[in-house]
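Listed after this line are the structures, all set down as structure tokens.
What follows is a pair of complexes built around chain A, which joins chain B in one and chain C in the other.
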Partner chain A sequence: MRRFLIVRAAQAMIVVALVVTLSFVLVHAAPNDPFGLSFDDPNITEQVRARERAKFGYDRPLGEQYIRWIGAIVRGDLGVSHSNGRPVAEVLKQVLPNTALLMGAALFVGLVGGVAVGTWQAARAGTVGDRISSAVTMITLSVPEFLLALAAIGLLSVRWHLFPVTGMVDVAMHDTMSFGGRVVDTLRHLVLPASTLALVVIAAVSRYQRTAVIAVLPDDFIRTARATGASERRVLWRHAFPNSLAPLCAIVGLLLPALFGGAVFVEKIFGWPGMGTTMVNAVLGRDYPMVLAGVICSGVLVAVGSAVADMLAMVIDPRLERLS
Partner chain B sequence: MSERRTGAIYRAFRGWAPRTALLVLGLMFAAALFAPILAPADPNVLGADMVTDKSLPPSRAHLLGTDPSSRDVASRLLYGARVSLTVGLAAMFVAVAIGSVWGAAAGFGGGLTDSVLMRAVDTLMAMPRVLLLLVLRATLGPPSALGIVLVLGCTGWGPMSRMVRAQVRELRHREFVLAARALGVSEWRILTRHILPAVVPLILVEATLAFAAVIPLEAGLAFLDLGIQKPLASWGNIILDGADRPVAAWWLVLFPGLAIVATVLSANTLGDRLRAAVDPRESSR
Partner chain C sequence: MITTMPLLDVRDLTLVYPSRYTLLGTETGATRAVDNVSFTIHPGETLALVGESGSGKSSLARAILRLVEPTSGKIVFDGVDLRALDRPALRLMRRHLQIVFQDPGPALNPRMTVAALIREGIDAHAIARGAEADERVGRLLDEVGLRRTDGARYPHELSGGQRQRIAIARALAVEPKLVVLDEAVSALDVTVQAQVTDLLASLQRDRGLSYLFIAHNLALVERIASRVAVMYLGRIVEHGTVAQIYDSPTHPHTRALLDAVPVPDPRRHAARTVQDQP
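Now for the complex of A and B:
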């Protein structure tokens, strides 16, 4: 067990190191740099471009840039954003909690909902209820997040005025509210974007959960439980369900990157001030330090997240160690 | 072997769901192919008045309405199908090519080769695909259709390589491979003539699913204005025109949205059925 944990942690660290290196290579191997031709303001002369390049070190050999950059990152210095002149770390400190709130809420609702739906379906596999709900999850998975978000915003916010249309808080009123009022205000803004993301998670998780529960239902211990006179509900939730949790952890690890990608669109459409919005703007403005920081953050988050998920799976089901 | 496999493929198409899916995909590709004949108007002709917003709801003259430049949405949808489906198919082929070669090399090579190649796949799959797309789009300059195909293809081969690797590893120790090796068949020939043919059905499944994954991404990029650029129509950039008022200009979101969902759902359904038929481990349905 201990050996597995160490190996898995080392693997995660290797992946993080590769993510960092790969993103640096991707950004710097491109023929353009932030002060290149894309910065097409006729008032900026070649001297100014060269001076700015020198200031940020883009004129040095690539290897030197890489070593300097790695050294800075290890010290926790992510550089200065080209587009607004603020330290990247400061921007991250501001936007990361917002994304964490959005993704955390979506993941929590999505996991609970997905497990409930999937287990419910597995208990009545093949019936009309199972078929209809399975078709619904399949359709949900085939709708791109940005369409779901547009539909939600169009119908629930614009048409029926049930939720605020954009942003994370009511910009005009938020600062005048009491603490409780602010929490309610943020929650009201959170409901739609988080539900949009959660819907996709529910659909994805329920499909795996359904298969996982169906896989344990023919096992001997289920028959034993039935033989002791346990009710069907008890057999399902106290015996079958806990044994489907280990594969579920692995699924969460796989879902994280997709969730991050979905968050980019959802944040953009709902005007949520998080990593996704920041990344899209950084990409459009060729703000390399910001782009790199965003990729590193998401890479670290995903690598650590899936390592933790694998370790949890192992803790839940120690039999997995023999397989690995 | 081949008889059993055709039987499996046939089984995948039983029932109305996969048949409808096949029909829908067929209709989509037919619509794309015959767009010049089917389209009621020129998809790129601009209205006379460029200043005021000319997007009009569906009417008898324009069955699916017009966009802000008073272009016919039905025609743009048909021509957009050409762009979106071609980009999707081409990106799928790129992903299939890289993924199957990479996975076969890892699975057949084993040992250190396998570790190195698969850590690279872990890395690729640890980066959210949308972020990778954004970074590549930022650094590679103005978007061209070919650039978008390469960017989509090069970020989408991870799952394919994992599946092919797992299958090749499993087959490597089967009796028929041992028999071939005992007969003195070269390793290269074992891989290309004995193992890879057995992996083809699996590649077919993964290709279908890769296509289903690429279509929304292409539309998403276009939606962020980082994909196919106007005036060339794609399903994503038609939606972009209506994104800021999804209720007032619902026809700009609904119709291309339906085209995307119908295509993706059909491809997903087919992929699912083919996987169930090809992969004996998934016999639960």
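Now for the complex of A and C:
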């Protein structure tokens, strides 16, 4: 297991290094720079912009900028975010937990819900219940996330006033609340954005899980379990289910970065102060250090996701233990 | 002759796999896998069912246990008409009627330890719980010649012969009256075949089990069975005591099966089977 982690960490570093280098080139290749866009006040002269650029070294050759930047990263210095006017590390410290809360909630609800729905469908494949619920999941997958988000806001927040429209907390009242009140306040704000993301995860995961369980059901050991006298529920959950989880592990690895991307839209729409909102603003403002920090985060997430997926696969299948 | 009521009485059992239509609309013909088969098995007795592959033996085995639904006919087990049972009643009846499949590899859940696999039936039928269930599993491991420490291992860590012993222990865990051995030794090495067959014979003596011993050749049959039924194209074409079948086979297919048995000296083999006649 230790060897596995070391190998995976080395692989992750290579992947992140490549992705970051590519992103560095792409971000700088995009037209304009942090100071061409952010200071669109007509009173600011070209000299001021040039001074600012020189201050951050953006007037140097790209290769030199790259080496300086990498050097700073290795020392743990992510630079200063132009769009936030603060060190990048400080911004991350503030927004990453918010995104982690949103993604964590969506991933948990999405995985549990998707696995339950898919397994339930597989057990009655071909019946009316399976067909109707399959149609619903397909429709959910076809609709873009931001439309789901807007529909949720329109119905549940604006019309029925069940949930707040935007933000992560009630800005006016939050600080006056007790600890329990603040938790409830945050959860109330979390419901809609997390559900929107979770709905898409449920739809995707249930499709895979349905197929995986259907693939396992004709296996010999299922027949053995029935012949032993196990109930159908026991056959499904104790025998078919554990043997259907291998594809799911691979999907979890892919879901993490996909959710990170999906969170961008959902955060923007719900005004959730997380990585998504921050990244959209950073890209629009050509905030090089912030964009690249975001890329590092998602690169690490991809590596962690696939490592977690492989570890999960080992946990659920005793036959794989020896392979590591 | 045996005068008690038969434990299993199969009458005119027929299993037809329905025809299917391909995407292009061509029809594949329906298959009569089991065609009007009748036989009985008495308590403590072993009936061998022999036939080449594709003759319908496994289909018959699965139809008897209703792992596939028979098309017509009657299965009376211990006085109960199995085909009349609903699902929950059938599930409870499985306690008395177990099966060991040919290939123990895919037939054992790979995610479960040996002990959990054997314990499955004990839990499913609420026969024992806690430490008592553990003790039962341990005794079953002893009985089938495995070590108690093997209980913590997974099936893939054991050999084919050991896995078949697990499958046997799993079947016996619910204390059945009849065990269908669906080519239970065919997939094993010849030496292991003999060991497992001897194990089955000794378990039968100790527990008073009845067996339906299914095989594709006659090689091991006389080691365990008293009567033999020969199956060919879904029908039982010949039926008799081991001696009758070995000494005076009437159906050409039986003769072909007999010719396939490797015997170093046919006359000595014939003499031995005559001696064994009751």
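What to note about this one:
Convention: the second predicted complex is superposed on the first by the 296 of 324 C-alpha atoms of A that agree within 3 Å, B and C clash if a C-alpha of one lies under 4 Å from a C-alpha of the other, contacts with A are read in each partner's own complex, and residues count from 1 in each chain.
Here, contacts are C-beta pairs under 8 Å (C-beta built on N, C-alpha and C of every residue); 3 or more make two chains touch, one makes a residue touch a chain.
What you are looking at is a predicted structure, and each value in this text was computed from that prediction instead of being measured.
The superposed arrangement places chain B and chain C next to each other on chain A without a clash.
More residues of chain A lie in touch with B than with the remaining chain of the pair chain B and chain C.
Of the two partner chains placed by superposition, A:Gly79 touches none, neither chain B nor chain C. Of the two partner chains, neither chain B nor chain C is touched by A:Pro193. Contacts of A:Lys268 after superposition on the shared chain: chain B is touched, whereas chain C is not. In the superposed model, A:Pro289 makes contact with neither chain B nor chain C.
Shared-chain residue A:Ala258: touches chain B; no touch with chain C.
Between chain B and chain C, an angle of 90 degrees opens at the CA centre of chain A in the superposed model, to the nearest 10.
Superposition on the common chain places the nearest Cα atoms of chain B and chain C 7 Å from each other. Across the interface of their complex, chain C is touched by residues 219-221, 223-232, 234, 239, 242-243, 316-319 of chain A. Only residues 119-120, 122-123, 125-132, 134-141, 212, 216, 219-220, 223-224, 226, 239, 243, 245-247, 250, 253, 257, 260-261, 264-265, 268-269, 272, 284 of chain B touch chain A when the two sit together in their complex. Contact residues of chain A toward chain B in the complex are 11, 14-15, 18-19, 22-23, 26-27, 29-32, 38, 138-139, 141-147, 150-151, 153-155, 158-159, 211, 214-215, 257-258, 260-262, 264-265, 268-269, 279-280, 282-284, 286, 291, 294-295, 298-299, 302-303, 306.
On the chain C side of its complex with chain A, the touching residues are 65, 67, 87, 91-92, 94-95, 98-99, 101, 103, 106-111, 120-121, 124-125, 154, 156, 167, 170-171, 174.
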